[in-house]
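We call the chains A, B and C, going by the order they appear; numbering starts again at 1 in every chain.
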Amino acid sequence: MFSLEIESDKLKEALEAAEVLVDECKLNFTPEGFTIRAVDPANVAMVTLELQREAFINYEADEGEIGVDLKKLLDLLAMSRKDDLVNLQLDETGHKLLIQIGGLSYTTSLLDPSTVRKEPKIPKLELPSQIRLSGSVLVRAIKAADKVGSYLWMKVDNNSAVFTLEAEGDTDHVQLTLSQDELIALQSSTDARSLFSIEYLLDIGKTLGKANEVRINLANDHPVKIQFSIADGCGEVSYLIAPRVESD
Amino acid sequence: MFSLEIESDKLKEALEAAEVLVDECKLNFTPEGFTIRAVDPANVAMVTLELQREAFINYEADEGEIGVDLKKLLDLLAMSRKDDLVNLQLDETGHKLLIQIGGLSYTTSLLDPSTVRKEPKIPKLELPSQIRLSGSVLVRAIKAADKVGSYLWMKVDNNSAVFTLEAEGDTDHVQLTLSQDELIALQSSTDARSLFSIEYLLDIGKTLGKANEVRINLANDHPVKIQFSIADGCGEVSYLIAPRVESD
Amino acid sequence: MFSLEIESDKLKEALEAAEVLVDECKLNFTPEGFTIRAVDPANVAMVTLELQREAFINYEADEGEIGVDLKKLLDLLAMSRKDDLVNLQLDETGHKLLIQIGGLSYTTSLLDPSTVRKEPKIPKLELPSQIRLSGSVLVRAIKAADKVGSYLWMKVDNNSAVFTLEAEGDTDHVQLTLSQDELIALQSSTDARSLFSIEYLLDIGKTLGKANEVRINLANDHPVKIQFSIADGCGEVSYLIAPRVESD
């Protein structure tokens, strides 16, 4: 059982961060907030997300989980106007969600959590190179790369302390080299380079363009972890994208 | 024969109010203004509309009718810029309309009025419950309802003096309950409830969203009448939408 | 070999002026600037264009030509933000173009100039009637004409000193008559009238709407020449469109 009140924009921001990868997911509630863990249908990208009780105006919840159709829920939340608050309540049966937005009262059926794809186990990874940069800089590089090819190299050159994003197409090549001046920070004790599908980066780019600071963790031929805060620091989104390992 | 001059935006507003229901219609001219009466192809929704001579800068007209292709006429009027005046003149033969907008002179063929669908007879109806509210509030409820289902209940609860808009889908339900605070006025001596197709409400919603005040007249399982002023009060639009009567 | 630096918007303006007619073209470089000459696939419209070295921040070029895919190049330039500068360099082999825009480094393959369609010979024409008018007025007339038909008459009436744009459809007719008040200038010692395909005028309309002054040169049943300045006067675009000669 839960009863929540939150600025509609904060809830939308959190749900959209999952919706770029999956249509349906589970929301896991605890007295401290809710979390989402999900993996895209092709098992290439995972999202982990938490929204803390501090992000809410009112937050009362027991331990529990619900299954939600993210597209439908975001479609209903699209009825909210700027600065609208949204109230969410689970009905007694646990099968219906009551949503109140600016006078509108929606009742929507929830998914049976047992029918939602199992949550992924998040692997523990050593990703020793960390780059911190503005979300808009990263998104610009992804879009530039998309014009020439399908895969993007992310590279840290430890000696020269630069972070390079690079894509190669059949006839074209593009590169964005960011030195420490253009980054918020670069911490690395070694070189690192991995190759990623631009398709997935474009998907998550929809949500991270607004982030003032995005943290990238990288290693050699390892997944990349891309993290940023939401809800004025009262929430956190973390993506993990599998690398494409070049065949010989 | 007629010769008219009017702000282009006022003429467009009037013609669009008919065009949401029909592609072609007759314009009936008298020395006092023109009127339109039309019914949509499925006979679910009627529009009655008048634009009084006071809405025009110059207005000279005899009794008479012309047949117009509303989509084509609105497409030509789309060439007008903000604050442009438009001049309309019927040529001597009565078969051609001369349109002047910001230096452009169009001549467009009219439809033979005998080929345009016969104008509907407007039924006299007792619709004792009247609700007056902002057009934008009504349009928001229609859009919210469209997200869950195909039909919208309009209900007046006389005791509690509230107006309720409600839609039910296969899995979802939405309701907007408006008390007298949120309405401009509610006058009713009895309960009333009727069910309407959201498709038609969305169509007319295109024109009534800008109206400061929309008047709804309702009864039990009867058509709803939805009225609003245009052209700064020098014109009036009235829609009548047939109810969907629930089968047992 | 060349090495150029220019405001991205100026380069885009120049390339778009050619791209409305052709997908690929040659850029001919001299120490004084570059030029383009191209004809559309149906041989109806030609473009001649020059961008002088004064339009550039840095300009170093030998005599030479390169073949470019205009759509691809404009797609890359679309990554530039307002006020971004763009650097272009030809690599040593002459087959690759290096493009730098706001930190992004693109390398793109050029087309073999011998595979690009041969540049047209620009005919010498006597077009004694000259009309100078705002680009937006001309574009408005083209769009108005497009609503009624496929061909646009351009006519100069020497006696009354008016320029008329006129189109006729199956049922409709539109005319825009511009006297010297509404034109920047009209110089003509004779009447002139020719008929042109609106399709091509719409294409070039995409680029000339922003021009403060467009110069039209006209004769009887002759091509029309339409010219305007780009890059703050450091460049010039000239279109030549073949007339449609009415069969008897």
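Here, contacts are C-beta pairs under 8 Å (C-beta built on N, C-alpha and C of every residue); 3 or more make two chains touch, one makes a residue touch a chain.
Since this is a predicted model, take the numbers as computed values, not measurements.
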item	value
Between chain A and its twin chain C, rotation from the CA superposition, multiple of 5 degrees	120
Same or different contact residues where chain B meets its copy chain A, judged by the half mark	different
CA centroid of chain A to CA centroid of chain B, Å	45
Junction residues of chain A - those touching two or more other chains	none
Contacting residues of chain B [partner chain C, same complex]	72, 75-76, 79, 103-109
Residues of chain C that touch chain B when the two form their complex	140-141, 143-144, 147-148, 171-178, 182
